[in-house]
Amino acid sequence: MASKRIIGAVAAAAAVMLLTAGCVNQSSTGGSTSSAASKVDLPAQTTISVPKDAVLPAGDGNAKCSSGLTLAYIGAETGPNAQLGINIYNGVQLAIDQHNKANPGCQVQFKKFDTEGDPTKATGPVTQAVNEKDIIGVVGLPFSGESQATGGIFEQAGLVHITASATNPGLTKNGWTTFFRALGNDNVQGPAAATFITKELKDKKVYVVQDDSDYGIGLSTAIQKSLGSDVVGTDKVTTGQKDFSATVSKIVNAKPDAVFYSGYYAEGAPFDQQLVNKGYKGVFVGPDGVKDDQFIKLAGDASNNAYFTCPCIPGELIKSFSDQYQSAFNAAPGTYSIEGYDSATILLAGIDKGNTDRSKLKDWVKSYNADGLSKHYQWDSVGELAKSTVYGYKVDNGKIVSVGVIG
Amino acid sequence: MSEPRDEKRERVPVENDPNLGAVPESVPNEGPADADLTDIGPDPTPEADTDVPDEAELAEVLAEAGIDEEVAEAAASEREIAVEVGEKIIEVKAVTVKFGGLTALDDVTFHINRGEILGLIGPNGAGKTTAFNAMTGVYKPTSGDVLLEGKSIKGKKQHRITRAGLARTFQNIRLFGEMTALENVVVGLDARHKTSVPGALVRSPRHYREEKSAVERGIALLEFVGIAESANTLSRHLPYGSQRRLEIARALATDPKVLCLDEPAAGFNPAEKDQLMDLIRTIRADGYTVLLIEHDMRLVMGVCDRIVVLEFGKKIADGSPAEVRADQRVISAYLGEPDDDAA
Amino acid sequence: MSEQTPVRTTRAVQLTESREALGGRKQFLGGWRRRWNRMARWQQWLFLIIVLAAVYYLPVANPWLITTEPGNDFPIACFQMAVYALVAVGLNVVVGFAGLLDLGYIAFFAIGSYTAAFFTSPDSSLIHIPYLWTLPLALGIAMLFGVALGLPTLRLRGDYLAIVTLGFGEIIRILATIIPAARGQVGFKEVGHPPGTASDGQPIFSVSNGVPWYWLAVTVIIVILLLVGNLERSRVGRAWIAIREDEDAAEIMGVPTFKFKLWAFAIGAGVGGLSGALFAGQVGFVNNQKFDVATSMLFVAAVVLGGSGNKVGAILGGAIVAYIPLRFTAIADYKYLIFGIILIVLMIFRPQGLVAAKAHLLTYSRLALDKVSEFRAARVASEQEKAAAAEAAKGVPNE
Amino acid sequence: MLATLFSLSAALPASVSTDNSWINFDVTSLLQNFWPATFDGLTFGAIYALIALGYTLVYGVLNLINFAHSEVFIMGCYGVVFTLTSLGFGPNAPNLSIWAIIFNLILAMLVGMVFSVVTAFVVERVAYRPLRRRGASRLAFLITALGASFSIQYLIFLVRGSNAEPAVTMFIPTPIFQVFGAIIDSQQLTIVIAAIVMMVATDQYIRRTRVGRGIRAVAQDPDTATLMGVNKDRIIVTTFVIGGILAGAAALFYVMKVPSGVIYNGGFVLGIKAFAAAVLGGIGNVRGALLGGLLIGVIGNYGQLLLGDSQWTDVVAFIVLVLVLLIRPSGLLGQTLGRSRA
């Protein structure tokens, strides 16, 4: 048939072209394979000291409480942002299961509400949750936009909620008394990342690229402030962008030692790869949004130049947690799983101590001061952690490994 | 091309139709004559599943009821009825239309007098429809000018030309299929309506006035062309003949000074053509000037006061039917073509 | 086929008329429509009042099986359905009436949301006005944008319009990200709400209280429906349908097509803006998320599903599109797939949508119906008379 | 339209951001990176052009914007990635001989073409043909096209999830020569040359072969063509198939250029831009698609450099599209498929 003929013609033509290009390719290979010269060899962290007296969901096993008390997870269960939500609510689920198993006298229920991570959809589920009087504590919402949209509803109902992943600094400036953040905000990570790049990696010329997300912009502003004159250039990319050639040529022209990409791995990975393919020799640093195994899968060998900063503890190093998580959900803990677990643990500990209504549980969280698995939890008056830790990570043999606390 | 698009329609042999009476003479200068209405005849392509009324009988009934007295009045209430052939109403001056390198119309000049029926004929590809489209604003002439009552309408927007008084029908029927017959006609009437969008939004008094008169005039117009009973039928459900009539009613609704009919007899059998001729005469009798583009020589010769003949984009003759019939160039142009070539 | 009996009864006339009332279609809900058309005015009003009362009562009743709880608060779900219905009513003017495929309708929704945010949120440094004033303002501003977009593009052919509006939707979304004043993902919080405080000191129109918002939205829908209905039964509606059916023929019949397309576009845009402002008020927060092409597609699906060119259908379609993912939260992931398939299947098997009805285009349609019935009755009488005469004529020689 | 926005922004005090002007023209950046941006733009433009051909052919024949063509393309990408991953390739360039790499690439391209062609075929059969049989309105076609596009996108989403496919890299691009100080690498050269060769082949195919004549005949006047014995349905299917083949080739080049860009909704925006390219060059015009594709690729890059934000790539591309439609509604080369003469 005619179409067969065209397939043949076209394929032959393509073959010829690939061939010629390939020959040239062969003759000039070399040069590009050598790894980044400026890479500083930071040793990987192999162990982490879990606080000895970290509060665990099981408690002392003697807790008594009325039945029907409920904790809720509100956040994405479906939609493009679902994975982050699943990581968190699995953590919550694990904590509640452990608690209920250890405390036959206090069975806490768990409910999930789906927002799809969409601020416009979130009011319905949140309103539903605050209207259910049994729900006395909430883990969520995961994203900053939806948290901003619904914080007022929680405040009005006096229902405490701990977010395991929303990092926008503005969230704690609303005067809400019910909002608590189980991790450092973007303003904490920015300076830490700046120090990491200039002090530990010893890079003096940094190119900052941000995406169009609230997170990316906020973090980029923070790190630019900390880096000051070390910034040799900035550029902006778009969520969903796949071709970064314009940005890459600007960077190659500017010859920086390091590129800080303030965004998520979905764009960060192809970006890093296109940088390396164009002969960029410096390091690539990304925040927690980039720190994901997917980054390595997507960027391949190019990811060897990558470092990450994250206000998250290397959960995989906490053996007990990752084993329990693995056996419960048949998957390794993901980003923010441990924050979800810790948040739920704090609420459960409150219930075990007899704080079984909304206002008491809120006060419990407000005055909480104890170690969790991942960090020490104590909040200031607006719901920010009093002290938060940022870890540095690097890529080693196709795995992301921690290089220790950086700020 | 000009065959009815819907081939499923059944044709009923006209000979079987008992309602086809003798064709009476039209009575000019007396407004709408009862006889004309009664003899427009039944729809030539009745279809069982659409309740096509029997117009002739209907008209009889109506005549008894005395309804038709108001027809012309309602159809064009504000117009002066002037059927005397008068001054030039349309002048086509040296119009040339070129498509790329192709000259479709070459320096054509003719005019239409007020109150006459002018036929525009020519063999296939002679440029009839091009001339028509150049007049009605579908194409902009490459050079030359088109005047309506002394004012140039060349290059004006089509809806402005329509409002200036030049209405047309389509060779291949182009009704608004999802609208009823009445609504189709009211769209035509809307060309003269002045209700603004805000006016319609709040239902201004003018809106009510216009809406009411629109229904009355619309029904009257449908009655005039003989399909009043199908007023509330979707136009795409109408039988072919009724659709053609509806096209004419819709064009008349714009209250034109000149009505241009583009092959209105396409797809008609001889008897239907006779009825159409009567309708055209009646329209003229009501004070409209008519431009008729037609293939069918018998129809053209039978109804036109004057005929313009085109060939290869040029005018080759212009005169009364008798003159044109005798013109040697016309004869040679049509040589070999049967006289009654039913498009 | 052609050998039908010449004598028609009154019954036959009635049948014809009822078929005409349906626009000649056999259809789902067709029986209702026929019954509706045969009702007297007062019966229609009574019926409408009962339906309206039921509609207003819906979120309070929170009926079992229909409710979206426990996944979503039912009054808020009702409000979201109402907003989608309003969106569908507006888009129906553009797509259903004028036949212009607008794939960037979300842009006008976004413009409305941002208008409400700009003029009421404490995050905005513009002057602040009461929330209720932002509703007409959003309508007006969105209309201006509609005109600004329509002026250059409505002269293009229909399919170009689709792609240009799609681009416009993207541009508005992108600008909401790029322009610092629009605050990107940070967005605007505490968007205003109508005044009024409940007994417990909370505002009546609080973010979590869906019922008053729903009532407000339904009231707005009713007002818009009345106005759109007025347009429909006027030369404006006729011009739109004529443009949809055959744009060239409409122009030649004296319809200023460009002007009326622009009006359709502007009115659609205005209603889109209005619904955006309503939505922003209830959610209380506006940022650049969710003003994407996919949501625009849902809007089109709502119109097509309900029945393009039909207000009741649009409302139903909008409500269904909003309702299904809220009620069946488990299928939230599947919704675009489901609605995508619905678009194809409907276009192939039921292009007229769930509620198929011809638009009413005449203010005095009853007058027209009466006149035609008059004709018919007169003819039936004459036919019967004739038949009787024929019988008589036949009868005499036989005897 | 944009003027309104500009004035709007002027009226709003930009208090939220540290930099007051959200639009600033960075001419230095444009000049410094002009040539690399041009060549990168041309590379991507070649891919746009291949996709644009699919739009143009279908539009020429059916007068229909095949919204689902972006999904035809992305399915091709999945075909390419599946082939390469199942052959054991991953994110790192394999240490293979040139011949082996070429063999694998061509194999992947063929599979990609099959994926694309099957998708195109199914879309035509399921979504368009029934409508054509029914003689549906233009609006109906546009709506099913949209429905088909979304159905396929979200079908992929359900099967493959919201993450992009893991990257597959077959060779590291290496510099070959320099033009105006800009490095041209092997990948750019391969993509541009191969794409142009394919487009020339398509052009010649439509001009010279019997099937090509059929396509042109149907594009010009479907009814007459049918009367003259052209099987319209077959020609339409052939057109979809050719579009699919080209989309499959574009898929390979796209995967080469952006190894991790294969994601369920990855085709949509790319498709819109490719359509813009087709319109820009003159829809229905094969050479116009090439011109339009290259222009869209280059203009977007310039826009980004000048305005300092990649968001502008799409905005600039759309504004160019609207301007072209306003000034020259039939596009730059403006010929229709039917009129192109052999």
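Order of writing sets the chain letters: A, B, C and D. Residues in each chain are counted from 1.
As a convention for this text, a residue touches a chain if its C-beta (ideal position, glycine included) is under 8 Å from a C-beta of that chain, and two chains touch if they have at least 3 such contacts.
Source: prediction; values computed, not measured.
Engineer: Could you compare the number of C-beta pairs in contact for B-C with that for A-C and name the larger?
Structural biologist: More contacting C-beta pairs are found at B-C.
Engineer: Taking mean CA positions as centres, which chain lies farthest from subunit C?
Structural biologist: A
Engineer: Distance from the CA centroid of subunit B to that of subunit D, rounded to the nearest Å?
Structural biologist: Whole-Å distance between the two chain centres: 49.
Engineer: Report, in whole Å, the distance between the mean C-alpha point of subunit A and the mean C-alpha point of subunit B.
Structural biologist: Centre-to-centre distance between subunit A and subunit B: 74 Å.
Engineer: With chain centres defined as C-alpha means, what is the inter-centre distance between subunit B and subunit C in Å?
Structural biologist: The answer is 37 Å.
Engineer: Rounded to the nearest whole Å, what is the centre-to-centre distance of subunit A and subunit C, using the mean of the C-alpha atoms as each centre?
Structural biologist: 42
Engineer: Which positions in subunit A touch two or more other chains at once?
Structural biologist: Residues 79, 82, 212, 238.
Engineer: Using the touch rule from the top of the page, what residues of subunit C touch 2 or more other chains?
Structural biologist: Each of 174, 177-178, 186, 244, 333 in subunit C touches at least two other chains.
Engineer: For each chain, which other chains does it touch, given as pairs?
Structural biologist: Pairs satisfying the touch definition: A-C, A-D, B-C, C-D.
Engineer: In the complex formed with subunit D, which residues of subunit C make contact?
Structural biologist: Counting only subunit C, the residues touching subunit D are 95, 99, 101, 103, 118, 123, 125-126, 144-145, 148-149, 152-153, 156, 158-160, 162-164, 166-168, 170-171, 174-175, 177-181, 183, 186, 244, 293-294, 297, 300-301, 304, 308, 333-334, 336-337, 339-344, 347-348, 351.
Engineer: So in the complex, which bits of subunit D are touching subunit C?
Structural biologist: Answer in residue numbers: 1, 4-5, 9, 12-17, 19-20, 22-23, 63-65, 126-127, 130-131, 134, 136-140, 142-144, 146-155, 157-158, 268-269, 272, 275-276, 279, 309, 311-312, 314-315, 318-319, 321-322, 325-326, 329.
Engineer: Which stretch or stretches of subunit C touch subunit B in the complex?
Structural biologist: These residues of subunit C touch subunit B: 1-2, 4, 8, 12, 16-17, 20-21, 23-24, 227, 230-231, 233-239, 241-242, 244-246, 248-257, 263, 309, 358-359, 361-364, 367-369, 371-372, 375-376, 378-379, 381-383, 386.
Engineer: Okay, in this complex, where on subunit B does subunit C touch?
Structural biologist: 10, 12, 46-49, 51, 53-54, 57-58, 60-62, 65, 136-138, 157-159, 162-163, 167-168, 170, 174-180, 182-183, 186-188, 190-193, 195, 197, 200-203, 207-208, 210-212, 214-216, 218-219, 228-229, 231-234, 237, 250-251, 254
Engineer: Quick check on the complex: what are the subunit A residues that touch subunit D?
Structural biologist: Residue list for subunit A touching subunit D: 2-3, 5-7, 9-11, 13-26, 28-29, 31-33, 79-83, 212, 221, 235-238, 240-247, 249-250, 252-253, 266, 269-270, 273-274, 277, 279, 294, 296-303.
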